[in-house]
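Given below, in the form of structure tokens, are the structures.
The following pair of complexes shares a single chain, subunit A, combined with subunit B in the former and subunit C in the latter.
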Partner chain A sequence: MKKILKIIIIFSLLIMSGCWDRKELNELAILTGLAIDKEDDEYKVTAQVLNPGEIAGKAQSTRVAVSTYEATGKSVFEALRALTITSPRKLYLSHLKLVVLGEELATQGIGQSLDFLSRDHELRTDFFILISKENDASSILKILTPIDKIPTSKIFDSIESSEENWAPTKGVHLHDLIAKLSSESDNPVLTGVYVEGDIDFGGSVENVERINSPSVISLDYLGIFKEDKLVGWLNKNESKAFNYIMDNVKNTVGVEKCEGGNVTLEIYETNTEVKVVEDNGLPKITVKVESDVSIGEVRCKENILGEEKLKELAEKLDKQTREVLNEGLITAKELQTDIFGFGEQIRKQNPKLWNKVKENWNEEGFVHLDVQIESHYNIRRTGTIKESFQWKASGD
Partner chain B sequence: MIGSSKEKISQKQLTSMIILFTIGSAILFIPSFLANVAKQDAWISAIVATVLGLFTVLFYSKLYKLYPKKSYFECATFILGKWIGGAVILITYIYFFILSSLILWDLGEFLKTQVLVQTPIQVILILFMLTVIYTVRLGIENVGRTSEVFLPWVLGLFLLMCVFLIWSLEKGNLLPYLEKGVMPVLHGSYYLLSFPYLELIIFLMITPYVNKETKVQKSFLQGTLVAGGLLITTTFLCILVLGADVTARNTFPVYVLGKMVSVGEFLERLEIIIAIIWFLSIYFKLAIVFYVLVASLSDFVKAKDYRPITLPLGMLLVVMSPIMFTSTMQVASFDKEVFFPLTYIVGFFLPLIVYIAGKIKHKKRGI
Partner chain C sequence: MKKLTDWVNETKKKRENMKEKNKDPKEQNEQFNSAHSISQSLTDNLNTISKDLGGSADVIIREFELGETDQRKIGVMYTDGLADSTTVQEFVLKTLMIDIRSAHLENIDFEATTLELLEKHSLSGGQLKKVYNLKNVKQHILSGDTVLLFDGETVGLSVATKGWKQRGVEEPSSQTVVRGPKEGFTESLRTNTALIRRKIKSDNLWIEQMLIGKETQTDVAILYMKGIANDKIIKEVKKRLKKIDIDGVLESAMIEELIQDETFTLFPTLYNTERPDVAASGLLEGRIVIIVDGTPFVLLAPAVFVQFMQSSEDYYQRSDIASAIRLLRYVAFMLALLVPSAYIAVTTFHQEMLPTTLLVSLASQREGVPFPAFVEAILMEVTFEILREAGLRMPRAVGSAISIVGALVLGQAAVEAGIISNVMVIVVALTAISSFVIPSYNLGMAVRLLRFLFMLLAAAFGMYGIILGIIILVSHLTSLRSFGVPYLSPIAPSNKEGQRDSLIRLPIWALISRPRLISQKNMIRDETPAPEPNDSTKEPEKSPSGESSK
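Showing the complex of A and B:
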């Protein structure tokens, strides 16, 4: 009798495994992107959901790989649940790659819409947060993209690769954003994203049937915030300045004039140090940028590879960097928001001093902050060739 | 000695039980507790508390040495007499009961919020309790042996986790040191010392089983040192990877830590490793507390065997736990206002009284 009971128990282990909270794949709508807009007092949530048959199925039809659903609600959570009316299955949030916030919502303040994203258990934290520039956030999710069938995945990869190779953008994760929002000594930035071309056309399959898609999703530069409100946009140089100061630059290019054209340099390693010193009871900040560069493209008439010439070139680069960094600094000071986290640096390096100056930091302390920028370039390599063939040709 | 006197625990087994017990439920909650009060200095709090914890267990092993063959409860009645000793035992027993319900609640809370959101909490609690009851029916020797088997897994997985996190460290998160002075750090240590170090008093109930008397102190110190190291490392990693702010805001920062692991874009979503570590450690913590609960109760009623009451007491726990603890917020304030002070009384003041009285008794007899 006991033996039989044991056998039954063991067998039931085999057939009864699984769990209460199971969610079968065919019951899920996998959410890849989420757009949040504000319409009057309500949130409009747009969800981009995978169409699994089109991604993995062998017989692919002309149907699109993703679909979007929209719903409004008094909160983000409510709107997400309201989506069940239109979406065929319950949304599964764990694979979210992208959250796009509307520009209007951003100018009114993003804080309130973020709580759900950090509270819900299904959401992970590895998605990027962007601001849609000019258009509604929802339109960003309605453009089909070539190469990558899933548009959000395309944007996600774009952010990662441009962050690696091109200085003016920055991918922001939820944790960083919330940490900056809740800190009194720091303000966040978010990368902008916009649709180039016709939005309606971008949503049709025709858009990806052409070799040169008429509507594309493109990353813009950085939108800067004061507390949780969007107060302005930086241009290319200012965005670059931001990333230099924050030591986010991994690899980028810089162009410098020379006789008869210009020379482009690949900056492959940069290191920024922000130092705080106390000067007459006021903080004084030194930003020291140290970069290793190699020559990437030469369009000059004369030979610039002599030791003296290279030194000159490096000095020119130093000057240019100082100017660019100053440009970014001035814009941020005009908008009275310390996006560089200088306040945070003061707090970290000299907490006593910070306590003295923290009152009205963005409006007063930061605006009048004395920031010294130092830059030093080391030109290390010249690429695979030494002297340019152009010099031979022009020398004849 | 409570329970069956035939059982024996080796020194190694005692060490691994102490390690798993100390990690117990603490590893998931402690970084958040500490970061809440001590901010980026949470790891300093952890170090201070661990040092104090080592002194505490040193004191426990001194207490053990008074009467190595007697459990803490027997010591109390023997030294303080039937009435005062009885009072000490009663308070301590109630404390152990609350502790076990709290452990059970911790587990339910974690699973219910993070993993099995739609599963009724009773199902989780009953299944877990059944496993614990089964283990305890097999005896404390068995718990010891199993802990020896599972300890390498816990340590190994933990190490793996740490290695994967190396890529995400940001040393700037540690600055500035001691921003608000020493007080917040000590405040954090106050929490950590009571949860889990002062809970180790429960081991005085099972030390009589240890086969070598002289090795108990070594076990206590080794176990606390290893577990303390793990707790310090976890807190340190939380602050380094997540920053003080995120650590403080999350209920289970260590689980979030697991979510942060991303090595080369293919080694991701490892948070369940954290859950496994935690299941194992909390299972042992509950098994040890539950064993002491049933064994000492059966001892009190002079029953020959403690096994018959495992099932009823287990049922009681499953029922009591959701009744005693109804919400996350309630438990947070219960911990702060009732449980931590109670831990100081049960884990420090009462044993101190027993110890001093015991010493006086020894002196009177001229030993």
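Showing the complex of A and C:
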């Protein structure tokens, strides 16, 4: 009797408790992009959902690989649930790659819309957060891209590759953003994204049928925040300055003038140190940038590869870097927001001092902060050729 | 489980009662008679035997008179087909009917009986045995010997004339190797013991023999290395074999099932092999080999789990390669066990575990498939099992039909019809191939069955269920014993010496001792030093050659 009872219990486990969370693959709408805009008091959520059959299936038709659905609601969560009215399947959030926030929403403050993203169990935190510049956030998700059939994955990949190879961009994950938002000594930045060309045309298949797609999604430079509100945009040099100071640069190029043209250098290793010194009860910051570079392209009339010349070149580079970094610093100071995390550095390195200066840090402490920038370049390699063939041609 | 054994015992008791009630006094009498001693009258004896054997056509009974003058009657009996007809003809019949006339028997003591005369002077057969009752006479006849009975004598004479058609030593069909001995056991017990003797010429190799099976009277031999095998295990094996009381033993599997430690497990607790080299290496490790007449599969006890994942070729290839291949087998074991269930779990519960591109490609293949992943998997796995079974059982001539039906109709057509997704076919194929990697067929069977259990768990609880299943499986494995030896040894309980030859195989010179729990005495088996680079070529340089030659 007892044995039978045991068997019944085990089987009822299998039958009754099982499968509550079961979802077949063809019951899922795999969501890869989410755009959040603010319309009056309501959130407008746009979801980009994959159409797997068109991406990897055998029998592909002319239908598009992704579809977008829109819904509005008082909160992000409500709007997402409201999407089920239009979406054929339940949205599956785990594979989210991109969240685009509207510029309008960003200027009003992004904090409230992020809560759902970090609270929901289905979401991972490895998606990038972007700000749509000029257009609505939803329009970013409505452009078809060539090569990569999934537009969000195209954006995701461009962020990753440009971050690796191009100094002015920076991909921000949710947890980075939230850490910065919740810190009083730090302010976040987010990369901007915009549509180049006609938005309506970008949503049609014609857009990807041409060799040169008329509408493309392009990454912009960094938008800077004060607390959770967007206060301005950095230009290329300023964005570069930000990444240099934050030690985010992995590999990039720099151009320096020389006689009759310029020389382009590949910066393949940079290391930034931020040091805090107390000076008369006030913090003083030294930013020391150390870079290893190699010469990538030479368009000069004269030979610049001599030992002396290279030294000169390195000095020029040092000077240029100091200027660029200063430029970024000045912009941030003008906007009164400490995006560099100097406050955070002071708090880490000298907590007592931080306690003294933390009142109105962004508006006063940071604006009047004395920042010394030092830069040192090591030219390690000159590429696979020594002298440029142009010199001989011009010399003859 | 207890209930089942209770039930078996009850039915046995009932049957015994029935037997006793049904026993006819006449029958009892007859049985008594047949076991009765040999009577003085030859004709009576021959008649009784003929009657007892039901006048079977293959039993030849001849009666003739011996010699020219001495009118003694003699009966010759043998089974046609079991006794070698040339031997019977040359050494028994010819001797008795023709040669004996030209023999000079003058100097011989005429007081002696015919039996003694023949035994000492006449019969040139190799092995002679006296038989004292009719039961033995019949046994000898039915096992291929020729029995002589004499008029007026109560003792018969059995001449070993065994010799029947048998399969020669061939390459084993079940455990094939690329490098290694190509001979396999045959159906003949004697050939099999000879094959082992040829490998181990030690006087420590002891062979004990017994008869099992009330009707079949099957010869069963127990082989072990005296001084290496554990005496307790030898005793236990003999005890368990003696307990067997069954009408017939047709294959060693029947013995295996009757002497194994645990009935209710999917895992084999006795190892079987067709290869003499595997049996010999088992003997050297202290295992006991049980050979059953009539089957090329011999049993090795005690058996541990790692043994079933080893191939004899592991020892004939370089140790590093053998180790890598062994590890590969464990990977294949896990794949064969878990791939379908992991597929079910991941695609129905844990889609977040997959990279997006993989998820998309899986999802695209599942578009339009009408069944849930679990049903799909069960369908395909069951189909595959049916195919496999069909391939095994059907006549070889129609074998190619199965592959066509299996590969084309079920695989391709099902996918094209949109009933089954492509990935599922890959999953089933991967599982199938992996399960063939397991060197032991009966462990492979266990995996086959367990796979379905895991699929059920995965469908109900996802990854959680699979992990739960693995925990239960491992605890079951640790609880198993084979003749008292823990099934998972030398991994659990851990024994570093034993682990040198379990999941991996170290070089032969590093395999110093025998398995600890199996052998328990005379542990050191190998004292070869590790090979070192030989300096002999360099030596002449060190010491001037002129000096050394002087």
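Methods note: the second predicted complex is superposed on the first by the 378 of 396 C-alpha atoms of A that agree within 3 Å, B and C clash if a C-alpha of one lies under 4 Å from a C-alpha of the other, contacts with A are read in each partner's own complex, and residues count from 1 in each chain.
Operating definition for what follows: a contact is a pair of C-beta atoms (placed from the backbone, for glycine too) under 8 Å apart; a residue touches a chain by one contact, two chains touch by 3 or more.
The structure displayed is predicted, hence computed values, not measured ones.
Applying the stated contact rule after C-alpha superposition, one finds that A:Asn26 touches subunit C and leaves subunit B untouched.
Using the contact criterion defined above for the overlaid structures, shared-chain residue A:Thr125 touches subunit B, although it does not reach subunit C.
Of the two partner chains, subunit B is the only one that A:Lys348 touches; subunit C does not reach it.
With both structures placed on the common chain, the touch criterion links A:Pro52 to subunit C but leaves subunit B unconnected. Note on subunit A: of its two partners subunit C and subunit B, the one contacting more of its residues is C.
Once the two complexes are overlaid on the shared chain, A:His95 sits against subunit C while remaining clear of subunit B.
In the overlay built on the shared chain, the residue A:His175 is in contact with subunit B alone; subunit C does not reach it. Contacts of A:Gly383 after superposition on the shared chain: neither subunit B nor subunit C is touched.
Residues 19, 21, 124 of subunit A are contacted both by subunit B in one complex and by subunit C in the other.
Residues of subunit A that touch subunit C in their complex: 3, 13-15, 17-19, 21-26, 28, 30, 32, 50, 52-57, 92, 94-95, 97, 122, 124, 150, 153.
Against subunit B, the residues of subunit A that register as touching in their complex are 19-21, 118, 121, 124-126, 175, 178-179, 182-183, 347-351. Subunit C makes touch with subunit A in their complex at residues 3, 347-349, 351-352, 356-357, 359-369, 372-373, 456-457, 459-462, 465.
Considering their complex, residues 113-120, 123, 172, 175-176, 179, 242-243, 245-246, 249, 256, 259-260, 262, 268-269 of subunit B touch subunit A.
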